[in-house]
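In order of appearance the chains are A, B, C and D, and numbering begins at 1 in each one.
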Amino acid sequence: MAGNSFGNLFKITTFGESHGVALGVVIDGVPPNLSLTEDDIQKELNRRMPGQSKVTTQRKENDSCQILSGVFEGKTSGTPLTIVVFNQDQRSKDYSNIKDIFRPGHADLGFFAKYGIRDYRGGGRSSGRETLARVAAGAVAKKILKEYYNISIVAYTKGVGGIESDEFVEDFIEENIVRSASPAKAKLMEDLIIDVAQDGDSIGGLVECRIRNLMAGVGNEVFDKLDAELAKAMLSIGGVKGIEFGDGFNVRCMRGSLNNDPMRDGKMLSNHAGGILGGHSTGAEVIFRLPIKPTPSISLKQETCDVENNNVICEVKGRHDPCLCPRVVVVVEAMAAITVLDQILFLNSLKLK
Amino acid sequence: MAGNSFGNLFKITTFGESHGVALGVVIDGVPPNLSLTEDDIQKELNRRMPGQSKVTTQRKENDSCQILSGVFEGKTSGTPLTIVVFNQDQRSKDYSNIKDIFRPGHADLGFFAKYGIRDYRGGGRSSGRETLARVAAGAVAKKILKEYYNISIVAYTKGVGGIESDEFVEDFIEENIVRSASPAKAKLMEDLIIDVAQDGDSIGGLVECRIRNLMAGVGNEVFDKLDAELAKAMLSIGGVKGIEFGDGFNVRCMRGSLNNDPMRDGKMLSNHAGGILGGHSTGAEVIFRLPIKPTPSISLKQETCDVENNNVICEVKGRHDPCLCPRVVVVVEAMAAITVLDQILFLNSLKLK
Amino acid sequence: MAGNSFGNLFKITTFGESHGVALGVVIDGVPPNLSLTEDDIQKELNRRMPGQSKVTTQRKENDSCQILSGVFEGKTSGTPLTIVVFNQDQRSKDYSNIKDIFRPGHADLGFFAKYGIRDYRGGGRSSGRETLARVAAGAVAKKILKEYYNISIVAYTKGVGGIESDEFVEDFIEENIVRSASPAKAKLMEDLIIDVAQDGDSIGGLVECRIRNLMAGVGNEVFDKLDAELAKAMLSIGGVKGIEFGDGFNVRCMRGSLNNDPMRDGKMLSNHAGGILGGHSTGAEVIFRLPIKPTPSISLKQETCDVENNNVICEVKGRHDPCLCPRVVVVVEAMAAITVLDQILFLNSLKLK
Amino acid sequence: MAGNSFGNLFKITTFGESHGVALGVVIDGVPPNLSLTEDDIQKELNRRMPGQSKVTTQRKENDSCQILSGVFEGKTSGTPLTIVVFNQDQRSKDYSNIKDIFRPGHADLGFFAKYGIRDYRGGGRSSGRETLARVAAGAVAKKILKEYYNISIVAYTKGVGGIESDEFVEDFIEENIVRSASPAKAKLMEDLIIDVAQDGDSIGGLVECRIRNLMAGVGNEVFDKLDAELAKAMLSIGGVKGIEFGDGFNVRCMRGSLNNDPMRDGKMLSNHAGGILGGHSTGAEVIFRLPIKPTPSISLKQETCDVENNNVICEVKGRHDPCLCPRVVVVVEAMAAITVLDQILFLNSLKLK
């Protein structure tokens, strides 16, 4: 309700603020007897880590995770799995210039309206830094999906600015700093990001996610449809302004005879639906795309107001990601994994002996 | 979990199948002492009713609602509000030609994979007919939002096929059978729908929804972001293949300096964000758009399989909506109202005396 | 939250008021493909029915149930199972003498304080009549427990007034109108109830419940302990003023060396714990007892106040159960079954393939 | 579901094992802008601390708490409040003698049956040490209840072994190591505990809890009755084998004319009900009692089995509380506070502007 938990059976609760003592996650509902080490989690955290390349923020933070509970002698024990990352530098830096200001494009205004509080320390709870806790939980979910169901989830940067490509070379994704799947376009995307950054500005992009080997029948027929749950999971990531499955927004121009996926020999001959029909997976690859807004923190001067509605000029200092895509793909994979695993556990619950 | 409930404090549970005895909804968490009659609900149900015009299915059903509980002497009593609509013709018609067939574009395949059941009676629980229960609940939410908070919600058909318009004449929406807001384009949309129907085919469209007078600060900062909840609510409606807020998918080409909404004198000077930042409402109008897929039920012949994976030709008989938009806008408004009210009740809970 | 739902995976939501149109229950999470008819439910409702004997209220109501959804061709379909009982006589009788009065021992005062409403029609939502919806849901749970896990649940009247017995002849329970398990004492209990009724008064009692063949390991180690869930389930039944498991209140005088149950050859040699240790079932019979308060509705004159705090004399007319036990045992079994099944479904969810 | 969370709006999730790295709690739904320091929490933790007197375990642990998130500049920020206590000595001691043994009276058997795991380190997640996390959360709830609603909650040791008293001198409770409210009997209780401990045995007791100044109307009319929620809260505490409200088990011998509480001038003239009727508070003091079983860990030899069902003799070494009561009263107060606050927040949610 208060909105810091996600999932029902594989249920995560994240906590912590950007410049507080620590961030972390409690996962309730982890099946027992799974091998799990901090390395399993750290390798995903490293993919999300700031300072990893010249197209991400240059801040250097060593997001080193620690398992506080839930693992006994190298295996999950069925009890709450708690993973925590202590903030190395929790001193509130000099935020005096933005202390009472609503930074354009940020959560400051709504958070203040709701709570009457302005946690100026890098956004506090609304900071993108919160997503490291999701990535930690997602690492556990991805491991279970892979080992027990052979389900794999991959997200990548499909576009930056207007540069997009349908090329999909999966092995290339982790080989380039943009996390593009297109050897032909990756360098263009990288150059655009660097160019924009030099202007003190930021740029939006497009992320695509694919879920493979998901058996048919995962999901629900009414409210907790698989696509509905994925939509909530994705829109809960800062900077994501929408989602579309399969043909997505293009269906608004299509006829049924074209959009319906015919079947032959038990297989779908096309995948306009993006792997989900009526809220359940069809057995085809689940595909969805997310528009990622340009990072709101830019160093250009912007008009805004402070908490007393005085007009002020905002200059956001510090170094920020000029494009969110390269790091957000890791969060997308994590949230997709958590969503899918939660639904699979529900299906298991219906299996009477 | 099983997916037939939505909301936390204003919580709805819908039940019933397309050709079962009845469909209905139980609403738990209705504040007490609100005036409420069956007329309040019926008028919204009538907007969703089949057979209302030549661009909707020609089936005539009289969806007459009955309040079974929760209202005492004309006022809500704080106890579960149950609204039910009995199906007038619950005899299973002759479905022999599709009994074991997976209709393309329908939920049949996933539902069968999940439960091992093929409820061939018009889709059973997966039928769009389930949404009448949501509309009934939405009527209650809309009434509370309007009377207590002056919040209004309006959705309309922004596009049919490729025909779209930015014209927005609100009063016109209920004056035309397409529920377009564009006097200039409504007739074109209508003609396109009729043309497609005559071909035995169907057509997709685009629906936009606007939420007015929503105070700033409604929502949550992490998982239950207002946009995340709305995304889940909308994607849980059959035929909706995506969602975008504000500038939506266009942000993928935008720079931060353009996408950020500057403020002056306590007001935002633009609304690229679509009324939501960091998961909370900003006080600006909330705007989102939904691509609606073409109705999967078409009378053209289609290749598909049956439950034993034999190849068959599917011909869906009966009369179906050639375009979902004119009726789906009513469901969109209902789900938006339920989502927003639920979040407002949560904010109330935090107000200690 | 609003308190009309119980359970997580096998989740029931009851609705309806004592003198409203109907009462009923929606069960979400019913596993698919189980044979189920209205007869399965009706036979349990008949056990709870008023007017069944001279020790229950003499009102004659024919609580005939109808399945509104969730069963298709004689089997559950995995969709919400809705069962409804229409009230035959929903006219508000002449309640003028108690309309604004807080009946002693009743929910009237708290309900009014909470909602500002006095639903004088036989208690409205707070009426014991609500429990018929639980019994309907419990009938489904009991059937699943019996058929799939061979678990049986039996409750009975262990005491009335001061008359109690440790005799336990299970087959005798449904053979006597008190639902006592003691052939030696049943007639004494019956006579006491009739005597008290003739005085215009009522009498309390003691109910015991036993759950057999429950495998070890059902439950949770922290908050959702099996005994904690059963305690909530039982205290949610009107008139139940406490609960004790195994040796119960007697443990307050016991030493650990006596209270601990030793084991030999994989079996417990005693069952002081009542079948639950650390929140999980031990494999031994689960045993708990419930003190049932005397029916608050008595025809003797009582001092009380009205909603404006005027002092008044209350005379509750009509015919009421002089002792709640004979009918409450059916509700106890139902709630126990729902609780246990819900926990078993959770264990299933943890079983990865 | 997995059972490590409690509450709906003021929702706590505890984590950690007895001999793991740390134990702690995440509280979601803490209203913002409340003053809160670690001292507020520590003072309640100190009351629960082991080694505090000669009638508790002699282990010395310094349960020092740290707030990881949710407090900003000395006030709650509306974000998840995380409190953690690091275990000072997390080395697994020499448990070789009980490693594979089911200790009589302990959770070992059920936990093993459920998960196939034997966390022999002092009980792991099932250890009473988990309750420190509840006490930490309860400290926050108690503070809010006191400051905003003037509600106070006091629990005390009403009996040890057969020694009980109706004397209630509240100020005396924290003045004696048994936490008795009876100056006349406290020393007798203390002597009994010490005597039993010298025998290598343990002893049960009785705890009573009183909630003062609770306004009428808190609770729910069906499943989430105030007494039902309190029952679950209390039975979720290890060692609690039952609960009774007001006259409790004595109602089984009472007539309605005696058990009903008459009213005059808007006040109840007696409190047989224990402050709750029909699931809502009546405005009278809420009173309930809990039988506490003798500590299962005793140094006497006991017959039991190991995980392979071999018969073994169990000797539990180490120093344990000979009577749970003196420390469990602190946990009882904490769980009562959390339960009551959660219900009050729900009532707030219904208050439309």
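Criterion: a residue touches a chain if its C-beta (ideal position, glycine included) is under 8 Å from a C-beta of that chain, and two chains touch if they have at least 3 such contacts.
Computed from a predicted structure; not experimentally measured.
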Farthest-lying chain, centroid of Cα atoms versus that of chain B: D
Contact-richer chain pair (by C-beta pairs counted) among A-B and B-C: A-B
Rounded Å distance between chain A and chain B, as computed from the means of their C-alpha atoms: 26
Centroid spacing, where centroids are CA-atom means, of chain B and chain D in whole angstrom: 46
Chain B-chain C separation of Cα centroids, rounded to whole Å: 39
Junction residues of chain A, two or more chains touched: 1-5, 8-9, 14, 29, 32, 78-79, 114-115, 125, 221, 346, 349
Chain B-facing residues of chain D, complex: 1, 8-9, 29, 31-32, 78-79, 144, 148-149, 221, 345-346, 348-353
Residue ranges of chain B touching chain C (in the complex, touch as defined): 1-5, 8-9, 11, 13-17, 20-24, 26, 28-29, 32-33, 66-70, 72, 75, 77-82, 84, 114-117, 119, 121, 124-125
Interface residues, chain C side, partner chain D - complex: 1-6, 8-9, 14, 102, 104-115, 123, 125-126, 130, 159, 161-162, 196, 201-206, 215-225, 227-236, 238, 241-266, 269, 273-274, 276-283, 291-298, 300, 302-305, 309, 311, 346-347, 349
